[in-house]
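Naming follows writing order (A, B, C, D, E and F), and every chain is counted from residue 1.
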């Protein structure tokens, strides 16, 4: 088959991934994640309090917020703070990020703390939510480390790793890690969040146009597994640095 | 295996499904859908206008709104109109319903019309979004029929059928169509939207607790296919009545 | 006089009234009230807390919220939750329902509990607020009964009964219980809330067009007294059923 | 009977009424109305446009907005602009003022103009809505006069006059024009809006505590007729000045 | 130079200033301040509580809110309460007023009390924020006086005095206390808040058009010092009255 | 005098300034400005439309929006989009940025275009608004350049340059370019916006604590002039690069 992706990538090829730790100073964890031209700043903030529904239960909470700078995109979009509300897409994405990261946290081990993962898109080129999840994991690990080092946490509340990637059918071919040019031209795509034990944490497949056949779905899942494996390696490599 | 579901159902058994057409008078389509104790009023409203981004393009639009009456649930929840905004869960569900129904509509054939599917939950017992999609399809067909009969539409903009069902892992066993008792006890579930050609339109699987293994995912997809088949039959039967 | 009302009713004739108890499962009281084609779901929810201004005073509170499903009406109206606020008409009606029901409740006997009456219009054909008040009374009685039966309340906080009906001048003739066709054609109407001791709890008469003469007002009040008497009978009959 | 009202007034006695025209410079009509210590600034603003639902129909519109300065009352209340919404009481009152004034305006004669009546309470001592209606009428007449003088209006769109007063049962006795001390001690009161032809435009009677008997209602209506007659005289006198 | 200001004033001449104390009854301090045709009602309300960030610290708080009646201006502006938010200009002004008045209050001496200065513009003709600051100071002193007289405060928390005036370059000439005609024709102006010790509390100079040269700035500051001196005299005179 | 600033800088010394052009891809101008540890991403977006009040006048508009990422600061602050409104500080700053940049733009030369300057703080250490203005100028020039190059603009709408710096009294000594440690310890500071002709565009001096004496003000203005001169040089240097 002679698919030519707009970026020239092979069907199963990720964009260049980078995870730059310590991008800003104040946050307990701060990672600039890039999936190609998609760049998301992920910070992890630790606070010694929990939401009302958890008070007094000895458990912690992990939550996420997502935003996109107005000119992260080709044309300027309205600033959500100015419009006075977060849109449905934003809420959906930040709920997804929060659920995904909670899937690798033992909230009892965390104790009555909240870790907030702020994922702000500086530049968008498709796949902002999967980049955000992948980067937020690294920021989370960085935020927890000093608590462990200082003995404030008895055991590590983070178990395993979490990463995410998109897959989709582009011009009839299953491809990995869609960029904007592919994303806007293909109406069948899926975001897959996995843990490093090979388990699926979230699947969000959408087909406004062409419905997935079962065999296509299988091919997409295989690509996603392969993509996440590469992302877990990138996370490990980033975290191995001082 | 000797799984006993709280309702006594077999693992692959749907709750009793009913689709009561013409439940209210004013809407072009009005269906009260029940999946067991879950009851959702789905109305389809036709308006001869389209959102700004479609004006003058000769295409129509299909959109959805979702609401839950404050006391549809075991304990009263706040009225979203009184709080001044729709929550993230509401927005996520109504976006899902809208995308799902657009997947069976030829918007060029619809012309510059908008069909709004209002899905209001009168009583909740798990699976409100899947019931809503399944019922909204019937309301949509009812709303389009008189336009065809009067010749206002040249050809039927609705092609195929759309239905949805939830599946999940309950006490280690894949089960179909979770009710509230199961939903709140299991942390791995998936909503599956299909068309009657066997294609997947939406997959939304979430595992805050136990991550899906690939074989579990396969079992869940098989259950969903079987459940949707039964729902397509129920839709056809309902629509066959005068 | 040869008045012909659009519905063919006599000037002093109510529409068929029905009060269907136990319409939904979860609420402590749940009544589907119909005044002809107007159908309102009234639920009563009991919570063991009171608003801040009553805390520690040993008194309870009764309040109401009102909503209309977007397609309860001939043409679809915006969803208030989506617009981000309740309109003036909604607030006015729910304040009226709350005041009306508080007029038959001994709040000291209720203790530090709040009963919220949610009145949601499923189908509108004029008179939604009067139907709501009439139905909410029955839901209120149903919500209180088990508290009395279980001995959680020492004495019944509900005294007497409350019902409501509209009256107006249609084509020069005073008529009872206006439906939508009459309501939109007549610009003089009044909502009357009474107790079963013959007292007036609320009068809200509005004449944007023709101002009421005093003799017209007297005729309208007489019709309202007669209509409320019939509604009290319907409430008693509904409550007499198991 | 030896009723002593807190103010020493007789049961049927209004508070001193004043209607100060031209209180501010910019508005087409600007009246500071006082009912005793209740002082409301009523301005009428004329704009050559109408709301969307009236465009192109050749008719005008009259609407009202109501506000209360935060410290118009004994204790400071929150500023509605700061809270981000107008409360239910505010919306209810401004809808009442608007309907009341529309009852004396021939909207076809007004042409495609909107007159907005802003009623802002500088100091509150009960009866702010009735004072507002009574004062807004004078501001309305003042705003229309130059349009007539300049020939921009062919005929006077204002016909008759509109005034309003409150009545209530205080310590068992029907009284006219309740001040704050009476209003807060009596739970049965009614706002009555009349025209100078003796017709009733609005009746809003509320009895959270003691329900009105029919004979009490008759006594209250008689007081209101007498009070409005005095207010019409005050309006005529104010308007007779240069 | 033969500058003719629209009002005929000399370049360094204030408009007539009046400070009418006790303008309304309920507030602890209530001053109607006029700078020519600009009229602002300033009330000071004392409450025995402080914002959350100050609780338990033994300090008080002074804050301000600002509003403009919709028809205070030549053309009607939207009511902020109806639009659902305060505009940027309003927030900016009320923050300025709050900071300015806090500059003359010893918050430890005030104890755990909040004084809210509500500044509502009844009529606008330029300089509403400077009039508001000048009037609010007098209201503040009036609100504190009875606390001192009753011994609730041990020492006077108000030290010195605060007043404000605008200056600007009109037709090339530095002028004092701009009215609307000047303000809208000149694009260089500055609001200056001073204390009576000759210190500058706030400077807010804006030049959308012609940038200030340093010598112009010096001239403007000199005019402002002279204007504030006259305003301090007016405050003292007003406060000297019974 | 032996002042030691927390950073060890001399009283009149700026922090290291950098202006990194082309920081993101999509915006017409995109500059990451750093004043020491304060880092603000300034993008300039060009749109071929103007706000309603300018339509058809042949003039353009320049406006600004400001935001701070939740964890740009030492402790996490709420996301304004999630709270549903921009705070007073944000509105005040973005209005300041907008006015400042309009001071160097010939809006007639710009034609019916809007340039929006989005200034988003990635990391805050004092002086975010002055950094934003200084960086936004460079982004503005970059956004205009291709319009000139392509001949879409006949003449350059940007004249001169605009930069801003803060000054304040720290431990009794006037200092330039306050960082967070100084800003939070000193209660007298001023933001100064200048053009490269030596004119003052905005002065915003605030003294909640110690009021400025006139001689202190003169010293601060001299420091600001010197600081802005250095910033103009930095802008020129940055713009001189390819």
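In the analysis below, contacts are C-beta pairs under 8 Å (C-beta built on N, C-alpha and C of every residue); 3 or more make two chains touch, one makes a residue touch a chain.
Computed from a predicted structure; not experimentally measured.
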Touching chain C and also chain F, the following chains: none
For chain B and chain F, chains touching each: A
Centroid spacing, where centroids are CA-atom means, of chain A and chain E in whole angstrom: 51
Approximate Å spacing (C-alpha centroids) for the pair chain B, chain E: 59
Centre-to-centre distance between chain F and chain A (centres being mean Cα positions), rounded to whole Å: 33
Chain D, residues touching no fewer than two other chains: 84-85
List of chain D residues in touch with chain C within their complex: 85, 88-89, 91-92, 94-95, 99, 102-103, 190, 194-195, 197-214, 217, 221
Residue ranges of chain F touching chain A (in the complex, touch as defined): 24-27, 30, 37, 39, 41, 43, 45, 47, 65, 67, 69-74, 76, 79-82, 84-86, 90, 116, 118, 120, 122-124
